[in-house]
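Consider the two complexes below, in which chain A is the common component and chain B and chain C are the respective partners.
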Partner chain A sequence: MIRVIAWNELHRRLRDRSVLIGCLAAPLLMAAVLGLSFAGGASATPVHIGVSGASPQMLTAALDASQLPKNVTVTTLPSQQSVKNAVASGTLDGGVAVLPSQLRLHTLLIPIVDPGATHTPGFDVVTKGTSPLGEEYAESVAAGISSVMYASRVPHMEATEAADPATVAVNSEEVGHGGKVNLNFFAPNIAVVFLFIGSGLGMRSLLMERSAGTLARITAAPVRPTQIVLGKLLAIFLTGMATIFVIWAVTTYGFGADWGNLLGVLLMAIGATAAMCGIGVFLTSLAKTEQQAFGITLLVGLFLALVGGNLLPSGSLPDAFQVIALGTPNGWALVGFGRLDQLGEPASSIIGPFVILLIIAVVAGGLAMTRVRRMVEP
Partner chain B sequence: MIAVIWVNLRRAMGDRRLLIIGTLVPVVIILITGLLEGSPKEPIGLYHPSARLLHLAQTTDGIKVRIESSKTDLTDDILRGRVVAGIEQLPAPGNSVKANFLVESSTTDAVQARTDAVALMDLMAAEGSNTKFTDATLRATPVEAPLSPFWYVAPANLVLFMGIAVLVLSAGMVETRRLGVLQRLSAAPVRKRAIVFGQMASMMVTAVTMAIGLIFVGYVLFRVHWGDPLSVFLVILFLGISVAALAVIIGTWSRSQEQAIATAVIVAIIAGMLGGCVYQLSAVSTTVKNVGHIVPQAWAMDAFVKLISDHASFGQTLPEIGALAVFAVVLSVLAVWYYSRKVFSTT
Partner chain C sequence: MEQAMLRCEDLRKSYGDREAVKGVTFAIAERECYGLLGPNGAGKTTTISMLCGLILPDQGEVTVDGFAGGTLEAKAVVGYVPQDLALYPDLSAVENLTFFGQLYGLGGKELQGRIGETLELVGLADRGKDRIGTYSGGMKRRANMAAGLLHRPKLLVLDEPTVGVDPQSRNSILETVGRLGIAVLYTTHYMEEAARLCDRIGIIDDGRLIAEGTAESLIGTHGGKDKVHLSCDEASLDVLSAACLELHNVHNVHEHEGNLELTTDHGPAVLSAVVAVATKHGVDLTGVEVRTPNLEDVFLTLTGKELRD
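Let's turn to the complex of A and B:
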């Protein structure tokens, strides 16, 4: 009987556009946007910087000091105005105009210790807010020029220092998944956010049935209330698993995301779905109308996603917030999926988060069952 | 048209969901994300730093460091996101400086960390052994206060939640249709576009009111200086018109309030993602950044970034305002056409 109710619920949900939108179309679109946004990574994007007011020798020394990566090219321009025009028109991502007449010793250090300063005497660091990388590399070039000029003004303690100036050599080394790190991080996290929304929509349907009177007709049949509730919860759970599966499939096969060990991903998907569905159903069972249920779904879902760290880059949360995040199922899902996709750990590493998610699912689900049973009992 | 506007406004003001989505939620999210984004930058992991590099890093405003006991720990912290990048200082002759820079991906934060670290190494190479000279010069060097840490999240959440709040109002159109009000209006001597513009105008009033409130809160609480007032007003106006027209289209298409709300929220979030409201567009490829400009949110964000970060004038934001005006016109025409076809169709 539970299977019949679950199947009927699933069938009804498939005919309901809002569920198709919330549980399938939306995750599919989100996964596609995430994949297109992060699949290639931003590291290979060429960045063009312009410089004026620096002699060729000074510029060569400055670029050597700046240790710019290969995707950054620097062009010499004739004047400060030409740098500004080129940045404004989009030809350049950033620029530096050196104004030697305004340079003082102490102001030479501003581009080095305060790169983002809006007023840098002696340098006009021309940037546009829409190109943060251009801004960073322009500041880097300014710091390089500044350090070359500073070196010529520092009284040298030893004769050899002037004759054989010190150099800087920085070698870049990539660790982990490189450019795909954002995709690997956001893909499971967005899936977790949608689990909550999907479970809320499922619970809302129970409230709609109650107001439409169909729930009363079901309870008149020889069906125990527990069976009705379990059937509904099973349908919500299966919809949640479908959501997470859609996002996993699209991001993995469409965009090359790596969620980590498959068994671990499956266990985390089950645990996260059960926990989010349990909490989603319990919280929306507190609602009196379907509008309230939807409101609770949206607001609580957003709040949990934010506090749980689903919407911010990996590791962004300060230490205190990371502890607070563990008070949410989102936080534990983040820990589990993070061990799999960020650290490449085996399935055994997620047993802890999986068990905790199951405990949350059992407790929240139990509370939800109690409340929902009262709704369906005649 | 005035009657349509008045009725819709009354319904919107009575909708607690809207009031919460339009006011409390964005303020709380701006506060939380701003505090997180604006908290001291993610630290740079240092492995085996020289005393001088460590001293300069610890005394420079805006740089936070974390000493790592081994390269494995450093790599682990990078992967876990505890540090944005790592520097492993290597032995070098004389006063030269040599280092490995470890990073997982070249995000803006990682590039910023690299810029900061290389600049300090340049200073070490430039000063040679005369560190006292540098320390004395640093004491005389003025350091400016940075932009408010909320400078990006405030406009990003304003644009995102303006979209969500207005699009959610499309559910009201569904209710109006369900009650038969739209059909009765169509029998009256009222032009189709007057009905559509009436619906849009009420949504516009809600959008602009909400935006003004958030701008005020952003200025007072979060110390965000929004820039040229005329530019800000036009950006909000045209964005509001664009989103209101889209809300009319969603409200006309949806069969139930729940469909309207679900569609509205999803469209608003995806448009927000493409427009740079959820993550900065600097994190994505140029192609995706360009494609993202098919939504008005991207142009609104470009305008706000120029106004707040670059202190752009009205003239400098004209391209973005012009693009938003085009979106407003095109989407409004589309809304009137679609509404006419759907509501007045005899099939």
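Let's turn to the complex of A and C:
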């Protein structure tokens, strides 16, 4: 019966083309825009980045993870002030000062979740408004350092002052395709946003069915309320998976993005879809009308995207928001995808984010089930 | 009633402070067509929502074919045709019926066969593959009914199925219901439909079932006498009134807005005598109307208000 209800949902959404628009056309368009924006070829202009507070060994590992293009030169500097002076004078296009005394294990996640965070505790990303590329690569270096530190779990051991300035070799395997790093990051990032919007809009269908009278007809049939709700959820989950698959396929095969380990990507897709569906459906269940559902989905979606790091650097937001980022499903989805595509880690590395996403899915989905059942129960 | 297909006992339902249904009790036998007649807001839809398991009664019991109301077993034998069009406009009639048939456990060739038969029954066999959204209002109503009939229910519940329907489709719906041969609960505020279709009628008002019986018995008990309305020039009213009062079977004559209203047991039989006395007294009748009581009068008598109020 669940399959019958799910298929009816998909059938109708295919017929009215909302699935084609939401799960195929829009993701396709977005993936194409991302691909053309980030994978169309990197600038050949030399970019100089300075780093203080990190040993050359750790920095080398961090730059391997960051996969910066060949035109980026990274130099170690003795202090935070020297980085600031060099950036201010124009000698450097951007810089990163690692501040070991302020580093905490949990804050290391922030640059990974949100590479745009410029005021993360423990890191000072020094930028100059006239060099957006310098800012971008400095953020990438910070994210790379953070991920290496987090992976080692011993930041205080690795973060040591460098005595003399030195230039660190940059892994140049991705010469000419530096934008892929960004594409790798933004592709799953955007997919997660689509998942949330799609799940919220998908559950509006139940409200529409209620106002159209078809829900009454379904509940008059020998069908359990739980079957009705699970059928709807299954349809939303499948459309979410289709959305993420489209974005993965287009960015991977169309623009050469590398999302990382396939099994890991599949698990993250399942976890992220389930969590975002759970949250989206729960929020929709709070609404009494389709208009309310749309408003709530939009409002919360924007909020999550902002604090979770999908739209704006959370580092530009208050500290409290940066902590909230790690409590959002999209934030954890980005952590998982980031480990796969940014750090090239194996599937086992995303077990933590995957489990957290499943917990979010179960809790939010359970709450949603309780509320949605009220719509269909006598 | 020994073999009741539907039995409702003291059904009550409130929404906040408003008591929508206030202790409704009735039963429907197998193959009986029962009409629930009442104005908008009388409690008809709330009552059938409880019968179909869509809402839980605050009090009272429902039994459908021996099963407790609202259970999956009870729902399986009920065909529910809601007042509003409860079909997906983007899907064809066949696709709609396929989905709703599957909800009742139908599938494969059996389902396809049932869909063909049901569309034939409601006169939509040639439009089955067209989207519901392209149908006329009457066709939509017939398709709506088909979805309730597909699984061959033992009890069909029709909630005002002819509201806003053109006369031709309305007639088609009534004919279809008339030849089903299953127990039918038919709610309407059209007294003609209730009188035409239903073996028995329950009159509901303000959440209470205030009378029940065949149309004839209700009219006989609560409908009052036949009325004959006469119009003539004002100067002749007194003469004609006195003459009519002398006639056999005329119980009462009163003047109303320049006309006379005679109350009689049998209006058509009195009419010829009225014409005769008018001629005899030289009164020129300008208008004559015989009105026999109907369910509208029954409702007026019982509630003091019009059925369509």
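Following the convention adopted for this analysis, the second predicted complex is superposed on the first by the 229 of 378 C-alpha atoms of A that agree within 3 Å, B and C clash if a C-alpha of one lies under 4 Å from a C-alpha of the other, contacts with A are read in each partner's own complex, and residues count from 1 in each chain.
The rule we apply is simple: a contact is a pair of C-beta atoms (placed from the backbone, for glycine too) under 8 Å apart; a residue touches a chain by one contact, two chains touch by 3 or more.
Note that the coordinates shown come from a computational prediction; the quantities given were computed from them, not determined experimentally.
Chemist: Please indicate which partner A:212 is in contact with in the superposed arrangement: first for chain B, second for chain C, both, or neither.
Modeler: second
Chemist: Where does A:221 make contact in the superposed view: on chain B (first), on chain C (second), on both, or on neither?
Modeler: A:221 sits against chain C, while chain B stays out of touch.
Chemist: Return first, second, both or neither, reflecting whether A:130 touches chain B, chain C, both chains, or no partner chain.
Modeler: The answer is first: A:130 touches chain B but not chain C.
Chemist: Can A:33 be said to touch chain B (first), chain C (second), both, or neither?
Modeler: Only chain B; A:33 stays clear of chain C.
Chemist: Can you tell me whether chain B or chain C touches more residues on chain A?
Modeler: When the residues of chain A touched by each partner are counted, B comes out ahead.
Chemist: Please work out whether A:1 is in contact with chain B alone, chain C alone, both, or neither, and reply first, second, both or neither.
Modeler: So A:1 only meets chain C here.
Chemist: Between chain B (first) and chain C (second), which, if any, makes contact with A:11: first, second, both or neither?
Modeler: second
Chemist: Please identify the positions on chain A that touch both chain B and chain C, taking each partner from its own complex.
Modeler: none
Chemist: Can you check the complex and tell me which residues of chain B touch chain A?
Modeler: Per the stated touch rule, the residues are 16-17, 20-21, 25, 29, 32-33, 36-37, 39, 42, 60-62, 75-76, 78-83, 92, 94-108, 111-112, 114-130, 133-134, 137-138, 140-144, 146-147, 254-259, 261-263, 265-266, 269-270, 273-274, 278-288, 291, 302, 305-306, 308-311, 316.
Chemist: Show which residues of chain A lie in contact with chain B when the two form their complex.
Modeler: Within the complex, chain A contacts chain B at residues 17-18, 21-22, 25-26, 29-30, 33-34, 36-38, 40-43, 45, 65-67, 69, 88, 105-107, 109-119, 127-133, 136-137, 139-140, 143-144, 146-148, 150-151, 154-158, 160-161, 164-182, 201, 204, 290-291, 294-295, 298-299, 302, 306-307, 311-318, 321, 338, 342-343.
Chemist: Per the contact definition, I'd like the list of chain C residues that touch chain A in the complex.
Modeler: Interface residues on the chain C side: 49, 52-56, 70, 72-73, 75-76, 78, 80, 82, 84-88, 90-91, 95, 99-100, 102-105, 147.
Chemist: For a test of understanding, state which residues of chain A touch chain C in their complex under the given definition.
Modeler: Within the complex, chain A contacts chain C at residues 1, 4, 8, 11-12, 15-16, 212-214, 216-224, 378.
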